[in-house]
Amino acid sequence: MSFPLLTATALTPAVGAVVTAAVPAARRTAAKWLALLFSLATVVLAAAVLLRFDTGEGADRFQLTESRSWIADFGVRYELGVDGIGVAMIALTALLIPFLIGAGWNDADPKGDEAPATRRWRPTQGFFALILMVEAMVILSFAATDIFLFYIFFEAMLIPMYFLIGGFGDRAGEQDSEEGQARQRSYAAVKFLLYNLVGGLVMLAAVIGLYVATADQLPEGTFSLQAILDARAAGELDFGTGTERWLFLGFFVAFAIKAPLWPLHTWLPNAMGESTAPVAVLITAVVDKVGTFAMLRFCLGLFPEASDWATPVVITLALVSIIYGALLALGQRDMKRLIAYASISHFGFIVLGIFAMTSQGQGGATLYMINHGVATAALLLVAGFLIARRGSRLISDYGGVQKTAPVLAGTFLIGGLATLSLPGLGPFVSEFLVLVGTFSRYKAAGIVACAGIVLAALYVLILYQRTMTGPLKPGLEKLPDLKVRELAVVAPLIALLIFLGVYPKPLTDIVNPAVEHTLSDVQKTDPEPETPAVEAAP
Amino acid sequence: MIGLLVGAPLLGAAVLLVGGRFLERVGHWVATALAAVSLVLAATLFFDMLGREGEDRALHQHLFSWIPVADFQADVAFRLDQLSMTFVLLITSVGTLIHLYSIGYMEHDPRRRRFFAYLNLFLAAMLLLVLADNYLLLYVGWEGVGLASFLLIGFWQHKPSAATAAKKAFVVNRVGDVGLAIAVMLMFTTFGSFAFEPVLAGANETGEGTLTAIGLMLLLAACGKSAQVPLQSWLGDAMEGPTPVSALIHAATMVTAGVYLITRSGAIFNGAPDAQTVVIVVGAVTLLFGAIVGCAKDDIKKALAGSTMSQIGYMMLATGLGPVGYVFAIMHLVTHGFFKAGLFLGAGSVMHGMNDEVDMRRYGGLRKYMPITFVTFGLAYLAIIGFPYLSGYFSKDEIIYAGFSKGGAEGWILGGVMLLGAALTAYYMTRIMLLTFFGEKRWQPDAQGHEPHPHESPLSMTIPMMVLAVGSVGAGFFFDQGEAFVHWLEPVTGLGHGDSPVSHGTVALAATGVMLLGVAGAWWQYGRRPVEAVAPSGRWITRAARRDLLQDDFNHAVLVRPGNYLTRGLVYLDHKLVDGVVNGTAASFGGLSGRLRRVQNGFARTYAVSMFGGAAVLVAATLLMRAV
Amino acid sequence: MSPENYLYLSALLFTLGAAGVLLRRNAIVVFMCVELMLNAANLALVTFSRMHGNLDGQILAFFVMVVAAAEVVVGLAIIVTVYRSRHSASVDDASLMKL
Amino acid sequence: MSTLASLAAETSTSTGEAAQFWVLGPIALLGGLGTVLMRRAVYSALCLAGTMVILALFYLANGAYFLGMVQIVVYTGAVMMLFLFVLMLVGVSSTDSLKETLKGQRLLAAACALGLGLLLVAGIGQASTGSFTGLAQANSEGNVQGLASLLFTRYVVAFEVTGVLLTIAAVGATLMTHRERLERAKSQREQAEARIRENKHVPPLPAPGVYARHNAVDLPGLLPDGTPSELTVNPTLRARGQVREVHQEALAAVRALEQRTNRHHGRAETPGEPGEGGANGANGVNGKGVGAGSDDEGAVTDAEEARK
């Protein structure tokens, strides 16, 4: 354990947050550049993590581990370590944040009436500092292998998110009055907080329960994932069926709220609708992923039997989310809410893949987390640029945009195509893997999920048709095309999408071993093909 | 080498899309050049292939491993055998010609660069589709062409009708794609792979049930892409796109992908007779459906679209017949590619000269004004109606013969249906011909009030038409020389010989007979007397046919409207029910606490009461403890 | 008769006192009722001491008296001051315990 | 005394003690009831005293001679007196109505008290130990000595602590009730000057009972227009809320009388004229003046006589 690389990766944005927040009010631009700088530094460190991670045969599961005693009395340790999935997620997080900062460059500037001199305008510094803070928390929760540690960051994340949602809205809601929007915003923020806090408390109970369970079976209670897994493997640890199921539920509910699974999803559309585009991306592409990631790592790893027991229900919920989210996306009048519901549908796919308990399903789910992150970022950010130009989130306020802003329309279309998982773009790979993985174990579920594909095509194309094509809506004649900054934000994302769609092998190489580990935790193996094909010539 | 085949147009698309303004001037030439490059590559590969013998004609190229997850091994690998070779030649040649044609056709369009980018994109996707070595890669091409057609149909986005048509096409295709996706999954779960060789080899020792399931799913996909009933509704609207697009995508190449898919999966269908029956039925139904629609349309492109559907119906039916039909399906596909492309280009040329007027009742007597178009169009016309010794004659008659050779009652039925189809084909094609080029001129000033001045199109447009005309005249004859085409494809598709109750000659005779019948009927109705400029209301069958036999009304009533209600209802429920429950909980907690607050009224004696109550409870507790 | 009667008596007195505390509003009377309860307790203690034949009970009662005396002194002082400020000795003419 | 001692020494109760218990016990209970139910604090205080005395007797009967004495001296003597003093200070005659102000309080209180009582009784019944060892050898060398030996050996610390407690209590009580006078009291002269300066109540405050049909010190005088004025009553009484009501009939009678006299003198109706009212009032006051209702008639009659 030489240089604590993971800690450094997580600490950089945290430090950045402090530094950014400390910049005096007048020097807004400096704060922005500082934030960008720190986020880029994080990217570099994350890249280092990616390189240092050994994907070879027989490489141990958790790498770059760090372990210090923290609260000795309860066996809480500061334990970090990443498996393939963790590495991928950390990379995604670190990669997205600079784009978000770039996209939100002017979102937190004092708007017209509120002059920078007055104290009451929303300080830019705070905005960027909060974003960096969230990044730090998320990275830590991806890296934490001590359950209690994970829980802490899992919850602490909510605080900066709360302020980001409640404090910085795009002023383009359906309601015109400033107060109305403020009320909507705070409603959304409180809803977000309450939902996640409830989940968190349930999880806390489960965490404590877990500790007790370990404490009276092992020589001393522990929160360490690795220790518990080893004890399980050695047969020293076995929560009874009942206990295990309760604990599983405790964890699962929390994660199901975080990665909104029907019917615990209603906070997402509010939160995403009211917050600025970068924050919305932060919610759906980064923070929510912690939920699905945690399902994969903790729910399955710690409670295999219970997961097996719950699978039918979870899969049903996932299917409902897929169809339900897509249908509601069809019914939305508000661009960002539409994307939010689309995300709910996609999270349905992720959960489906995770609980299909096949290597394709779980590998696909992991890829899905990443691809969905990038795709949603692309789509949502472009939508954000559009909204910022027109000052409205209503789809009905747009039309024929491609005439005045072809590049914007084009990028929007590509983002949309990624969302409907067109082959050649990243999401297709993951979605198809999830489908195959599900199908190979639960045929019916796989087929039902396919309906999601068609619906996705519908809501994306209808959105595109209504906003971008047709005759130009009055008031849009002067709509400017993407600026250089905006293009610089979107273009790399699109390039990344294409790369992930054409050559995802590097990613799968990282992810596969981790998935194998998870599968072995739940003692599952892929179903065999019915009639193994005769070996084909290359 | 094979990779380059796909790569060249892909590169073109990328360059043109990213390239930006300064490519405006040369963009179309770049695109055409790259299309030509792939054509040349294809030609060289073709001759190279001819150089080799029977078995080892098929080429494989493994580029890189695409999605490796456990047993799920998807590679980017190409397979170039006679079947794909045929398609590659068709696609690249027709594609290049149409690129050339578009240079003239899109001359005045400000977004020409993008148009060519899309065309290149389509070429790349289509080539990928036919060259793929496994079904997943094929799926990529499959949706790729869907995307290209979406972009090109909706190319004139400012027209809401175009945008809607594009969306419709993509969504309907998506339904078909789901079929293909499920088929791939089934293959994976059945054979543990979805590359052609293992799947097709494994098909022999797999249960018929599975094969039927896979077959039906593949058929669903084919229906989507090839506009077969019940997923046919998008093709008519697709004519909103620029005419070259209609010619390339919605006549010659993309819509035939379904036929390719089924032929490629022949082994599976051979093992699943039920699936084959369904294919036959679909083909037959579409054949008549398209023909009837084609008879009623006054929009020249829509009429041609109907004809396309019907012709593909022929091919489908042929593929449904199994090894007997595969070869001829492909053969008809190729010849159809030539003459239908020719027809569309002709139609485009006509519209070009008539200020984009599409209503045939406003044409008339154009043969004097645009002779070249007339001649080429005419040749293609003769080809499609199966005029003896033109290409249509050979391919179609073979299919009809194969139909008869199914044997028994089915054989007769199929044969009859196809003959009827042939008659209808002759009818509506003649109708188009008469309405467009014969009779006296019926055109009027358009909305802007300026009289159209019909004129022959520039060379860049007429040359492709001539080439295609030659193709549509000669292809069939050439293919039929010593059954060259049959021998060429046999190693891939296999060849079966049914015993037909009727001889080749009889079939040919019958076909020609009904053809003449159809022509006569059309002349009787449209040739003898002048045609009125506005369509008569006609009988119910005509009206229905004008509305595509109510397909859209059906979809709207059965799918769209209920869907709308469903979504609206769900939105309401989500707000009121799911969200309401949560908010309700919150509210109830608030009320409860408010009520509890009232107990704390601040009066010392109230608190004293609770104290004593507590004391009493404690005493009671102790006593109980003692008692127990 | 058995000395338990004393206990019963003390119980009754205690209850009476309790009732008084709960029912009366005049602070002084409330106080008296408290005294009554204390005395009842004392009676019980004395009886116990007789029962067990040692004096600890009486000692305890003694202490109770002392404490009671102290309590009375302070309590009455409080009452007087409150009365000075509010011109009333009622315990609930105002809900003092609510902000 | 000795008899009592002999009684207590025994391990079983004598009939004499039984008689004493059965006679005094109910009285003690009555006292308790009185304490709780009497409307006037003074009465309840007295009832409490009675109960305490009886309890003292019971102590003696139980062989707790010292406690018995202490009970009488300290409790009945000191504590109750303290109570009475405070009562005097706060107002002897102030009666608080037994009307319950808190909703449901009475019900709850009754329930609690009853429940508690029942439980206690039940507990005693359950825990009853029929036999009991008398205090014979405990009190062998005298009850006081016995207590002392315990008090100064085993319980010495507690004893000291209670001592401290008492001291603190005393100091605290004085501290609380003692008011620091910041400036010296105003002399009468100064007060008068102050009155002149702020020109309020320049003449001395009106005497109570004036213009009323009564000259009791706690009866407020009537203003010329016939409304009673609190000012006329001594502040202390006011503070204790012991100002007596002026009966409405009385006021009505006064008004009626004035009207009649006005009519008699044939003067215009000018109700509430000081002079006249004053005359009448004075007359009324000087005349037989007890009980408002009755002497109105009297006043009327001498008014008639005056006319003839």
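Order of writing sets the labels: A, B, C and D. Residues in every chain begin at 1.
The criterion applied here is as follows: contacts are C-beta pairs under 8 Å (C-beta built on N, C-alpha and C of every residue); 3 or more make two chains touch, one makes a residue touch a chain.
From a predicted model like this one, the values you see are computed outputs, not experimental measurements.
Chains making contact with subunit B as well as with subunit C: D.
Set side by side, C-D and A-B show the greater C-beta contact count at C-D. Between the CA-based centres of subunit C and subunit D the separation comes to 19 Å, rounded to the whole angstrom. Separating the CA-averaged centres of subunit A and subunit C is a span of 67 Å. If you average the Cα atoms of subunit A and of subunit B, the two centres end up 37 Å apart. The geometric centre of subunit B is 106 Å away from that of subunit D, both derived from CA atoms. Across the assembly, subunit C contributes residues 18, 22, 25, 92 that each touch 2 or more other chains. Subunit B has residues 601, 603, 605, 609, 612 in contact with two or more other chains. Of all the residues in subunit A, the ones that touch subunit B in their complex are 191, 194-195, 263, 265-266, 324, 327-328, 330-332, 359-360, 363-364, 400, 402-403, 410, 417, 422-424, 428-429, 432-433, 435-436, 439-440, 443, 446-447, 450-451, 453-454, 457-458, 461-462, 464-465, 468-472, 502-505, 508-509, 512, 515-516, 526-538.
If you check the complex, the residues on subunit C that touch subunit B are 18, 21-22, 25, 91-92, 95-98. Note for the complex: subunit D touches subunit C at residues 8, 13, 17-18, 21-22, 25, 28-29, 32-33, 35-36, 41, 44-45, 48, 51-52, 55, 58-59, 62-64, 66-67, 70-71, 74-75, 78-79, 82-83, 86-87, 89-90, 96, 98, 100-102, 105-106, 108-110, 112-114, 116-117, 120-121, 124, 128-130, 132-139, 143, 146-147, 150-151, 155, 158, 162, 165-166, 168-170, 172-174, 176-177, 179, 239, 241.
Listed in rising order, the residues of subunit C touching subunit D in the complex are 1-9, 11-20, 22-26, 28-29, 31-33, 35-36, 39, 42-43, 46-47, 49-56, 58-59, 61-63, 65-74, 76-81, 83-84, 87, 89-90, 92.
Across the complex, subunit B is touched by residues 102, 105, 108-109, 112-113, 115-116, 119-120, 122-123, 126-127 of subunit D.
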